[in-house]
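Pasting in a structure now, in structure tokens, and then I'll have a few things to ask.
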Amino acid sequence: MAVRAAVAGASGYAGGELLRLLLSHPEVEIGALTGNSNAGQRLGTLQPHLLPLADRVLEVTTAEALSGHDVVFLALPHGQSAAVAEQLGPDVLVVDMGADFRLKDAGDWERFYGSPHAGTWPYGLPELPGARAALEGARRIAVPGCYPTAVSLALFPAYTAGLVEPEAVIVAASGTSGAGKSPKPHLLGSEVMGSMSPYGVGGVHRHTPEMIQNLSAAAGEPVTVSFTPTLAPMPRGILATCSASARRGTTPDAVRAAYEKAYADEPFVRLLPAGQWPATASVYGSNAVQVQVALDEAAGRVVAISAIDNLTKGTAGGAVQSMNIALGLDETTGLTATGVAP
Amino acid sequence: MAVRAAVAGASGYAGGELLRLLLSHPEVEIGALTGNSNAGQRLGTLQPHLLPLADRVLEVTTAEALSGHDVVFLALPHGQSAAVAEQLGPDVLVVDMGADFRLKDAGDWERFYGSPHAGTWPYGLPELPGARAALEGARRIAVPGCYPTAVSLALFPAYTAGLVEPEAVIVAASGTSGAGKSPKPHLLGSEVMGSMSPYGVGGVHRHTPEMIQNLSAAAGEPVTVSFTPTLAPMPRGILATCSASARRGTTPDAVRAAYEKAYADEPFVRLLPAGQWPATASVYGSNAVQVQVALDEAAGRVVAISAIDNLTKGTAGGAVQSMNIALGLDETTGLTATGVAP
Amino acid sequence: MAVRAAVAGASGYAGGELLRLLLSHPEVEIGALTGNSNAGQRLGTLQPHLLPLADRVLEVTTAEALSGHDVVFLALPHGQSAAVAEQLGPDVLVVDMGADFRLKDAGDWERFYGSPHAGTWPYGLPELPGARAALEGARRIAVPGCYPTAVSLALFPAYTAGLVEPEAVIVAASGTSGAGKSPKPHLLGSEVMGSMSPYGVGGVHRHTPEMIQNLSAAAGEPVTVSFTPTLAPMPRGILATCSASARRGTTPDAVRAAYEKAYADEPFVRLLPAGQWPATASVYGSNAVQVQVALDEAAGRVVAISAIDNLTKGTAGGAVQSMNIALGLDETTGLTATGVAP
Amino acid sequence: MAVRAAVAGASGYAGGELLRLLLSHPEVEIGALTGNSNAGQRLGTLQPHLLPLADRVLEVTTAEALSGHDVVFLALPHGQSAAVAEQLGPDVLVVDMGADFRLKDAGDWERFYGSPHAGTWPYGLPELPGARAALEGARRIAVPGCYPTAVSLALFPAYTAGLVEPEAVIVAASGTSGAGKSPKPHLLGSEVMGSMSPYGVGGVHRHTPEMIQNLSAAAGEPVTVSFTPTLAPMPRGILATCSASARRGTTPDAVRAAYEKAYADEPFVRLLPAGQWPATASVYGSNAVQVQVALDEAAGRVVAISAIDNLTKGTAGGAVQSMNIALGLDETTGLTATGVAP
């Protein structure tokens, strides 16, 4: 029997990617699609690539529109998910693709988001230690941020294996879809093509506390994170270049072994053969993660790099993967397509 | 029981795209993968996005390596397919993604390709009048060129309906993957990013006689074609802007009706609602075709525009679609994924 | 003694490109810079590449702010130039980079722009027959549209030489800066990267009557124009692919000779050697125009292709070139920089 | 009297950019242009954007061809400059745009380049402490690497002011022209568009010892450098994101003051106003450098970011700037053009 899924926020990039994936999911039937400013419009206008849904019309996001589904995905501006979730009943699986329920520390939430903390839901990054178990049977899931997904998967094995010091320096390049579909001058094609530029520099990006939360949990002690996001001239993809000081005695073999162990059985994370490095093009449109790691002995740092598609593994693919776990489906259902390259 | 498929030329862009699609095809089991200069290499090095096949190693292209399969796809340089096909036996389905068997006129072949004509196989563009029937049960299929696919689907309904004169002017923009994976200076990223440039101007591009063949068949009389291909700064996609003089009495309604009739039952061709125009991004990685048409009454021309992914519907997707028909499978099997956008 | 120049509309792409060129113009001193919604902002915020002007602040566009200059450039939305120009006095050189004064036919203006016709000024495309003389000493100049610039330079020699019939088919690809800096969803980087898409299809683009005006003047009879603009994934550049039916008896030599004659003494137009085709990258940021032409004897059409930078020769460079002529300066002053490639 | 300049290696990206700049240099006359595999070809074919030089033909690189010039620029593969320079006489200014004479430590050279060390020439990064004086009157100049240019300018003020610890973590994104014009599969447009990928990870990139040399000189003690270069989907530009541990007591004001002091009088380096961050698009085709810096107090790191054009300030512009100093010309001669944006 099909899982009936509703999508609140179907006109944006996260919602569109989710629908693309759900169209290929053999167990899911797509139910209500809602939006706010775009309610009443055909999806064919808003998401012209989703041809099978072209004639569907967006409803206004209300509890009524979203009721009667097994799963409700929320792709809403931050601060809005709690009110919707409350009205959906405890048996409905609510998957929040926004930030509201990711952070455990209310102070962090308030400092970075400037609004009251809504709570903490099971965290939808199954590859983290203990995360998969918390998702089994869950009825509320907080999908991780795109940058924390890429960064946590690049670095946590080095922390769990005790190979690095509790400080990480991260520079990540993201495709422009990570900045959303709301038109702003600096996101115009004319501005972004041919340009690399940083933003949110100096510890102010909202994904910083989420990275700290994940890496500190892996390390078993507080980890400081210097995080610089940059905007790259491509629609999709995150390349996260992460490093941390190697602990005395850390060897290349120990580093390799830690990552091999962490990812031996993970269906979506591919530790590349030595000498091959991740590329965002290789995971374009796919839920796959490419990871590679090296020990720079002269600089005394472990350098770990991951590539994901920010909209797939970084948002909607991660959401479907977690939904699969929560519902007891095979974790890879509907997510096996490889990257579209070149 | 699975269809066992071999791919000759698995290291190039056509071969890679075919493998991407076959990995999602529920009836196909991927058999031998061959190459020539790349034989002996891991596919993970050559096609890093095809993660499930990363550890497969390319064999040399020989009849022996290709034997024992139900289907053999050929992605070889032109002039090489006939010799391979001859050794494969009449019961094996041979799908040639090269040019060798597309043209009916030996003189055209020799003039444009400069080598002896190998013959003519059933033509793998099922949407053309009569083409689908010729593919049913076929054991030899010539996959169309990428430009002829886009152009023929944009224009043939106007010809079959008798709405336009037998002359067509076509300007098409292609992503760089259409030029292949062999490294040449003008195909470097540094050269193509930020640049539009024409090539093969003045009737000399090899796809010209194939377009003439298709449009003339639809018109029932010889059609002249002025074709200008241009290289666009994107990896994939063809946007074909096609026009022809409207016959006296042609009305906007008649044009719309002709296209609606032609594409009412086609699973992959989407005639867009009036006012919406194709975009290559909407069919990225998909076998879908977007088509739109208008009558410019002041200029006296019907303007028809199509968008395809040159590697999917334009090459490997078209090959799988034709294979499905030849084998009696549902035509859309393995090809239902929508475009990856944004 | 320096020419003192004001720029109304300094925050947009046309205004920014004009300032970039004026900064290198040895005879010009940059005076008032005005805007409307951006008045009061530093230019360093609005045009971060114009480092020498970073601390200049935009004034509101008023006659007072613009008074006291030798030249006033207008980069305003259409319909606004006449009111400003009226207040500037007949001795001030007013260079309108908008559309208001380009068309001679009031009916064409009203049909395509939906507002009353403001008049016709000397047309700033000096390469057209007779145009240069009309610009000498002029105090009002209408800068051509970017597409008409590219198209007219590609085709007029064929018309003045009587080599082609009075019908032209034009497909042009433009970089996204041609669509301006006002943020709209379809101009987001996420949407345009990787995509080619047409717009204004079927004779409705506002530059169509301007092309007809120019080509008809060259032909000495009314020319019909089928024009399809497309948006290309690059910030700058126009590639115009133009063709027209060859008149009986037209030979390749006659075509070549007509273009060589037309462009023998033009400082900015480069007819390329036979076999080399234009590329927008070659004229990036430059006032140069690359042109090439071929006779397709099988299709019976002359195919002429030009590449320009839409912001330079297509807008601001053309404006400076015409200003130079009007003021009696050497036509190339400040405009000799070559394209920035790769 | 004009400075007569020859360019050895005129067909590559560095040589082409140098010629673009020299064409606008009022004191330079362009003399011999040489190449090796491309000798005998027209420059119009090899560098189609350099229209004024289109009919110049490349000679073979020999001492004879290069003799009789005031300045000889070398854009040769590493290891070849010394032999050419030896034959040019001590009064000729030789500007080496390759790596051969950059490093002081012969061991570093041999370790990273695998060939005997040729020596050390005055280092063409005038903004470094003491560098300008060493260039005045010099007749041999080693132009810095593109990455070391961006990185050294981002970080040296923090080191000279004693604000940071002797360890730096650097992640830099480069446009593809940095990888040169020699065609390789991974540099094809199809591969690089839409993709970010790292290379030379783990301390093995050849620019690493050059960065260490510069930063250690500024710090007055050995600095360790973790350097990760990444390839970005754009033709030009480097964005260098650099950080180092803040020394105890370092304040935001002290950081700002150190950078203001370092760059108060530098004609090409622009420390941006607080809150504005560099973008490679803003320096496209320009010799300008944009720098910004922040103190991340939570992470305890100073984060400094620079943007340059790798071909201009990073190679050919830096070469011209140093030539100007060596010859006693105004340092900015021929280099005042702003970036081409959007």
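When the chains are written out, they are named A, B, C and D in that same order, and each has its own residue count from 1.
As a convention for this text, contacts are C-beta pairs under 8 Å (C-beta built on N, C-alpha and C of every residue); 3 or more make two chains touch, one makes a residue touch a chain.
Every value quoted in this text rests on a predicted model; they were computed, and no experiment measured them.
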item: Of A-C and A-B, whichever chain pair has more C-beta contact pairs; value: A-B
item: Listed pair (A-D, A-B or B-D) duplicating the C-D contact set, over half by residue number; value: A-B
item: Separation of mean Cα positions, chain B and chain A [Å, integer]; value: 35
item: Where chain A and chain C are represented by their mean Cα positions, the distance between them in whole Å; value: 45
item: Residue numbers of chain A (touch at least two other chains); value: 13, 175, 177, 181, 188, 190-191, 193-194, 233-236, 279, 281-282, 284, 342
item: Of chain A, residues touching chain C in the complex; value: 13, 175-177, 179, 181, 183-185, 187-194, 233-235
item: Touch list for chain D against partner chain A, complex; value: 167, 169, 171, 173, 188, 190-191, 193-199, 201-203, 224-228, 230, 232-237, 239, 241, 243, 277-282, 284, 292, 294-301, 303, 305, 307, 342
item: Residues of chain B defined as touching chain A within the complex; value: 13, 16, 20, 23-24, 44-45, 47-52, 54, 177, 181, 193-194, 235-236, 270, 273, 276, 279, 281-286, 288, 290, 336-342
